[in-house]
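Please find one structure pasted underneath; my questions will follow.
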Amino acid sequence: MIRATIRRILPQLVILALVLGLNFAMFPGFFHLEMHNGRLFGNIIDVLNRGAPVALLSVGMTLVIATRGIDLSVGAVMAITGAVAASVVTEGGSWIMALLAALGAGALCGIWNGFLVAVLRIQPIVATLVLMVAGRGIAQLLTKGAILTFNDPGLIRLGGGTILSVPTPIWIWVTLAVVVGLVVRRTALGLLIEATGINERSARLAGINAKVLLIAVYLVTGLCAALAGIVVTGDIRGADANNAGLWMELDAILAVVIGGNSLLGGRFSITASLLGALIIQSVNSAILLSGMPVEFNLVIKAIIIIAILVIQSPRVKHSIYLLRASSGPVLARRAVAAKGAVGEDHP
Amino acid sequence: ANETVGFSQIGSESGWRAAETSVTKADAKERGITLKFADAQQKQENQIKAIRGFIAQGVDAILLAPVVATGWDEVLGEAKDADIPVVLMDRKVDAPDDLYLTAVTSDTVHEGEVAGDWLKKAEDGKPCNVVELQGTTGASVTIDRKKGFADAIADAPNIKIIRSQTGDFTRSQGKIVMESFLKAENGGKDICALYAHNDDMALGAIQAIKEAGLKPGEDIKIVSVDSVPDMHLAIAHGQSNATVELTPDMAGPAFTALEAYWKDGTMPPKWIQTKSTLYTQDSDNMAAYERKKDLGY
Amino acid sequence: MRHSTRLPLYITIVTFFVAYAACIFQFPNMLSSRVVANLLTDNAFLGITAVGMTFVILSGGIDLSVGSVIAFTGVFLAVILRDTSIHPLAAFAIVLVITTVFGAAMGAIIYYLEMPPFIVTLAGMFLMRGLAYVLSTESVPITHEFYGWLQSLYWKAPGGGRFRITGLLMVLSFVAAAIALHRTRFGRNVYALGGSAQTAQLMGVPCARTTISIYAVSGGLAGLAGIVYSLYTSAGYSLATVGTELDAIAAVVIGGTLLSGGSGFVAGTFFGIMIMGLIQTYIVFDGTLSSWWTKIVIGGLLFTFIMLQKGLAWATTARIPRANVSAARS
Amino acid sequence: MAVDTPPVLHATGISKFFPGVIALDDVELALYPGEVHALLGENGAGKSTLIKCLTGAYSRDGGTILLDGKPIDPRDPLSSQAAGIGTVYQEVNLLPNLSVAENLYLGRQPRRFGMIDHRRMVRDARAVLAEYGLDLDPARLLSSYSIAIQQIVAIARAVELSGKVLILDEPTASLDRDEVQLMFSVIRRLKARGLAVVFITHFLDQVLELCDRATILRNGCVVGTRRLESVSQTEIVTMMLGRQLEAATKHHDAGPPGKLLLSLRGFARRGAIEPFNLDIHEGEVVGLAGLLGSGRSETCNAIFGAQAADRGTAELRGAPLQIPNPRAAIRHRFALCPEDRKTEGIVGDLSVRENIILSLQARQGWFRPLPRARIEEIAQGYVKALDIRLANLDTPIRLLSGGNQQKALLARWLATEPDFLILDEPTRGIDVGAHAEIIALIERLRAQGMALLVASSEMEELVAYSSRIVVMRDRRQVGELRGEAISPTSIIRAIAAEEEAVA
């Protein structure tokens, strides 16, 4: 079981190590850690901390993609939930209320998406496109287009504070990932989600309540987006409805794919998606540390991503497998063994 | 005279932009002008569509806050054919100036210069390593403010830009990029000043500097552009040093010019430049804050 | 649902005319040759992009790179016309070759490396936008007189509407695409691929060639759209047309093409584009919506159109009996 | 047929490896012009894989193929098509989103001035299909016609494409008698024209009726090639299975049925099935007989809630019952093994183990996962009981051969320990050995007191296990046979009688 998990995430681990190595080569102090007034400080912490929003989103996105769906609205939902949280505290509410209100808003958005996909049977890309477009408007409506700043220490702590010297966002995404991971794998949910994603018709006929399951998955995604929205809002002490989570859905999808999950649904690994999110963040960090002119940012990112994806493509993987098989005696030995077995079967 | 004016706004990408929109709307209301507002969602093609839509409706004038300087000749020509005066706001365009009535803008290169001059004076010959937070790559404001600043410090060999990255004009990117600057430059000890292309990025960076255990405004000097209310607070609290004002009230002069034009055909000057006031810790930042906090930033 | 594939197309067309009529009812000014001409001109580049997107989506794929390709094309043209003395027509040819090859390369990666189109074209989107930045971050005006001449080619209709050559180009693209999709083997192979790539392969469809061609067509048309866009704005700007791919996808879907592939018509896309243009025109005519309400209303209208289609499709097919076959037994 | 003429297609040393499986091992196949060659073997023997290797759908890992004495190396189906090999792969492989005519002519549409000539294509298609006794509108979408018709279209397409060799992989699985006869006459015509035909099926009577020679595969190896005149059916079966098959189950003495389990009154679904009444008792197998498209599958689906009935009432053990969806049915211990296993049955990428426990788990609910040990026990148990052939339980089910998939699906439903089991074409595509096992299984389940409803196109099979047979035609029940009255001829008569009455 654990061996299988490691085998599954091995490519992502290797790629992450490579990208971190690249960072180290460019900036030798990359792994250096120190304490600054009770706060762990270092590039590697930054990668974990700054990767938080995409990591949070990628947890939900992994599940949605496992059901053969996609959620383009998560960035907009981040903006909405951030705006909700900020409005609550600026109206004098406590950070707990803000958190709950934001989670509620995220859940609502998720249910809306799930309703469109599962009940109205609109294709997920289009269904979530609606909220992607309208959602940012809703967020701006809440903030009136301005950055809604606040000074509530509780909310700020969620995005920019630390717990035991480690930035809170890291705690949040790690906890969420562990909770969702456990819930999905220790119950039957993971299996049922995969079954629904692979063949919804069969799944329904086998007695799976695909409709409710789909809605639940989009709901979880909404909650993940809500947490991500709170993290970025708390981080800058203000709800920036215009820019919070802008285009982040693409990063989240990318993280899931770099994590080796198929966009066609089915088998999924949340751990691998999280590694994907960290890989993306490490690439961003490499770009920042490289000191290259900004014009090259996107080209560098594109080239690294293409390289990563090509390494992971099924075709390349298969050729590596064949190469290993043909160079070693694996295939030949198996053929002989099998022949022997067949031979015994002869009358 | 109940005139109708079409206003093609870029979008709502920042607090400053939102303030400009709300100031314009309020101003139009005060003057009894019907304002047709079209938000272009950051897209030039939407602005062109909006202008054509205004022409088809037969408005009395068009306000245009162009997303980019190029590419307006044709549609402005159409407006001219239809005898509709166009007033440009906050940015000029690369088009013959007979195609529009006037342009009410700030000089964005000059804004960069003001910031650079301030830093030059503040450092006064001491060696100073500057990090720069650029705006969105490719935006003309980014290019101009970068150029203005570079021009101003060109004759000050003591001031050097050691790192320059884009922070997309947003607070969160400003913070994130500043964090990496701090790490890359010896925990920030090698950085003497920060120049940010807008206040939002500077405000994000201030938090990053604080989290790194340094004092913004003292250990690292900060100068930026826009003068949004939150920045005035920061300066008042000594966490930042200077900001160059970009007024959101471009519509006031525009409407004034239009009203004169409607009345008796008075041609305004081709360029109405708004002031680029510098606010430092010596200015009355709290007053500025009070004045601006309800403008919709 | 499957019994009349044309139904979504008809529904889209009806929806457009009903919506247009409703708009005219509210703003009589909208019935002018200006508005009609603007619908064609202003959406020309988007329409051409959507034609390519229709090919891709019909084959069961998606192309996220088109917006960046348009921006790249514009910047490339502007820079090359600024820095060299070659004729715009030659520049057009060069850039079309580049974008077509770029599309073909994405198609090849998708097919040979068995990678999902969404991700390959997402990387392509980053790459093209990045290359546009590298060429020039500033917006570069195009001043060549040939551009001026092209722009002066229009027919001014009574009522002030200007029917331009770019609008004509879009209409021609749609006609050519309709012919290609319905009257050539390549076109039918596109549908076959969208039905099921695996089955198509077993039926002897040249999948490699078809996939590569489809993305080449999309890339090439995005290049053409880039040329149109550069004519439209007389400039190249690396930040232009961000998110255009989503507009194009929305237009294709509103036009009744299934995102899962294999079913739809390019004519539907045309009306999808017109519907989206109508929404924007309506918002401009209304002129009271704030920035945020604009977004919300666009999202709401998008949803309304999708639901309208669903509803109409459901209402009409629920009554259609299954195909009646008489397998005459000998 | 002249054996001394050189073979038109001669494949030698064909090998194919899948991770963990050796699907083909040094296989030889020779086809002579003018012969119909049967390819026989158990489920998973490698028949379909061999076909795919020969036609380039899979790249083979070894071996040479000679066509007319010249080596060919088909890289994809297109190149084998071009070489004159027409193929119908297992399961219908046509495009539901294209018209019938286009499916027939995809890739070689008639053209005028470089443009596809639709009118001519439709006209030609109509003419071609008429030869197969089909009078339909070729301009309509393929998906608007039933599976049987789609299968005939697929055959027609392959025939049109085959200049030298025609390969048919289980083409008769979803056809009924008359259609099979029609197809045979077409094949005989082709044979007379000198084509070599490969015919794969699990119906041995069809093999003996049509074929000249047979190559028998077992576990990816050729066991032998025989002229069919010189061998008996038992001999072939023994070669296929590697063991003797016990004598087929006799018609059993049903005995008195148990208590009334399910009672349906006026059950119907508009556009799908006319109102019908049905009583099902414990310990009873009710057979559903009828021609293609007579509404058997729709009956099964309505009872299971897969396409819920919109009229009528149901009572379970005397208590009123609503079955709006499969979940409700499963809750009341119903089970349905659907007809179309590819799209309605298997969950392809999940392992065999997960496929087997899927329904049980779905019924248990989201938050009560089956313990690992229990899963292992169930899965192992059924793999052994039903003799499912696989590398290991982690194999994705889509990699299993068709027959083994069918058994795994049966296992899924048996694992839920249903009171009422609905089987829709349970033996479709299943080899002789497994066929006998499933019939025995049905009998065993009945004896344990389970109620079964079985829809099947095979009269002999129905006769073997049914306590009672309901005959359907045109989506309504037209008769019922019980006890001694049950025989293949009486069923055919019941169907035909109605046919005459209608005519």
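To keep things simple, chains are lettered A, B, C and D as they appear, and every chain counts its residues starting from 1.
Note that in this section contacts are C-beta pairs under 8 Å (C-beta built on N, C-alpha and C of every residue); 3 or more make two chains touch, one makes a residue touch a chain.
All values reported here derive from a predicted model rather than from experimental measurement.
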Shortest walk length in steps over touching chains, chain B through to chain D: 2
Chain located farthest away, centre of chain D as origin (C-alpha): B
CA centroid of chain B to CA centroid of chain C, Å: 34
Chain centre separation (chain C, chain D; CA means) in Å: 43
Residues within chain A bordering two or more other chains: 140, 145, 294-295, 297
Touching two or more other chains - residues of chain C: 133, 137, 290-292, 294-295
Chain B residues counted as touching two or more neighbouring chains: 12, 18, 21, 137
Chains grouped in pairs wherever the two touch, ordered by label: A-B, A-C, A-D, B-C, C-D
Residue ranges of chain D in contact with chain A within the complex: 15, 17, 19, 22, 25, 218-221, 223, 238, 242-243, 304, 306, 325-327, 330, 336, 338, 343-350, 354, 358-359, 361-370, 412
Chain C contact footprint on chain B (complex, rising order): 6, 9, 11-12, 18, 21, 35-39, 41-46, 48-50, 52-58, 68-74, 78, 82, 94, 136-140, 142-143
Residue ranges of chain A in contact with chain C within the complex: 70, 120-123, 125-126, 129-141, 145, 250, 253-254, 257, 262-264, 294-303, 305-306, 309-310, 313-316
Chain B-touching residues of chain A, taken from the complex the two chains share: 27, 29, 34, 36-37, 39, 41-43, 46, 50, 140, 144-147, 149, 160, 232, 235-238, 240, 242-244, 285, 288-289, 291, 293-295, 297
Chain C residues touching chain B - in the complex, by the definition given at the top: 27, 29-30, 32, 34-35, 38, 41-42, 45-46, 133, 137-141, 151, 160, 162, 229, 232-235, 237-243, 277, 280-281, 283-285, 287-292, 294-295
